[in-house]
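The structure follows.
Chain IDs A, B, C and D follow the sequence of writing; residue 1 opens each chain.
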């Protein structure tokens, strides 16, 4: 993944680019003007985020970023950040990206996610960028890319895909 | 990568765009100049692709597209294209995207994939666009977006994430 | 999913029950006495199943089996059964296992599945055994084990986990 | 559970039993007599496990159990245990189940996992039971069932499927 690009490949990929899932997020409009306050308040209630030392870096409609700093307290046996900690911030980022598009009376729950861990989670900072791929009435598909930041460079270390379910006034779910 | 918190959504998304996984595919260089012939020959040997009426639409380094036309022969009970047929072309597209970057003496096998089916597979044509997210020595992570094309418009209907394993001269795997 | 177990079967399965999901299948009760007819009628409408030469082997509450025979028409490039064909019968088996527990006015749709392909799909017959793990109001979790049968011996070749969504009188979904 | 298809439930379950994935774990033999010490030592090095208050409950060839107690420090916003914490112990349980079958010179890394969260993680204790489904030369497929224990009763709350990769003397991976 270190090769330079050349013109022809870029040309080949141009129309690919136009129809990629990334384009979709530009269309997102939230149904809740107060989405950012809501997400920040909810995040503050996630005890695990505090325990992991996680910070909410960015909140936009359909897009949420959460970061942690590698430390022994969140490590696996080789000293890298544990896949469970990576999954936790990636899951929260995806969930809050979904929540950002919900009306005030609906919350979200993660029903399932899948994560590929493609490189060791190490570096100065681990950043999870969650975004909504498809927002549906009942289910929302979101994806989170997780990057390790080292010396100002970012490297993809994990990719999570999650299905969130909208819940309305049940199970005490309000945020 | 340095998003401003306070810009417009378009601004926020623009630099998000810069760091998306899609950017990565522009860097792919194949280790096999004859990758296209190899893939076309391999595709021709996949009996299931012929049975499904699938066509290889595009082959580029790290990027392969396969399409099918909705028909009763590949339907599920409501008349939409069966999720298994969607998965089949999405899996093949991801696998060939991975194969396009392999040296001639290495093949690939799908070890696992996950697919989210977000809308009914119906329309004029179903197009699966597979691309490599991360090419590793043993494992390659690829992702396929599947679109339904209707009246010139495309709509995302499925998203597949797959792990491909490189195999070298074993199990008769040569393509 | 709250019924207690009784006597001898519970005894037989006690060590299972302690650590496995298998215990759960003993508790399933269908809400539709005509579930088998319904499933057989729906299966007959899945054009892809006929195209793959698939047969419905077994239908019980929360448990459905579907089989195919390896053939060039459903192969990948090395002559094994294509992962997409394996996925198709595994997905249908999981979906019908879920449908077997639904009341007559509710159908199911696959929202996502994940499959691990652990050995080549080859042999005399490929059998997919789908069963319900957890039946919920909106979502049902099902799992399908796929075996290759050769000379009377079975070998696990794939494991699929799927999320099915109950749908009620919409999108023309009735089976 | 009432409906037997043809024959008793015991009959139905007997053949199911014969071919279930669970049967496989009874055959597991470890290639490392000191597997338990190795796993306990490795677990002790996973800083995240200590941070989550996780305990290694059981270690057997191909089967490992890890438990946590619900607490505000590992919660999500509604007070349930965060899906990330559930994933962390489920991932570790699967990984150590895989490691228990490895020779002393090989370690394992999680390459990907998928988890379905089917009920809120609440109760007296959360127990993750990981077991090996298929141990291969390069890849091992493992599955973890997660239960919530309340008043002596267990309820399935999550199901994780993971692919572990064997690594040999690289990246400082030794356990």
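Quick note on the criterion: a residue touches a chain if its C-beta (ideal position, glycine included) is under 8 Å from a C-beta of that chain, and two chains touch if they have at least 3 such contacts.
Predicted, not measured: the structure shown is a model, and the values here were computed from it.
**Q** Give the label of the chain whose average Cα location is farthest from that of subunit A.
**A** Relative to subunit A, the chain with the farthest C-alpha centre is C.
**Q** Select, from C-D and B-D, the pair of chains that is joined by more C-beta pairs in contact.
**A** C-D
**Q** Just give me the whole-number Å value for how far the CA centre of subunit C lies from that of subunit D.
**A** 23
**Q** From the mean C-alpha coordinate of subunit B to that of subunit D, what's the distance rounded to whole Å?
**A** 31
**Q** Going by the contact rule already set, what residues in subunit C reach two or more other chains?
**A** 111-112, 114, 116, 118, 139, 163, in rising order.
**Q** Which label fits the chain touch graph of this model best, line, ring, star, complete or other?
**A** Per interface graph, the chains form a complete graph.
**Q** Note which residues of subunit A are touching subunit C in the complex, please.
**A** Spelled out, the residues of subunit A in touch with subunit C are 111-112, 114, 138-139, 163, 165.
**Q** Under the definition above, what is the set of subunit C residues touching subunit B in their complex?
**A** That would be residues 42-43, 45-52, 71-78, 82-85, 87-89, 91-92, 109-118, 120, 171-173, 175 of subunit C.
**Q** Touching residues of subunit A toward subunit B in the complex: what are they?
**A** 1-5, 9-10, 12-13, 16-17, 19-22, 24-26, 58, 60-61, 63, 114, 116, 118-119, 129, 131, 133-134, 136, 139, 141, 143, 145, 147, 154, 156, 159, 161, 163
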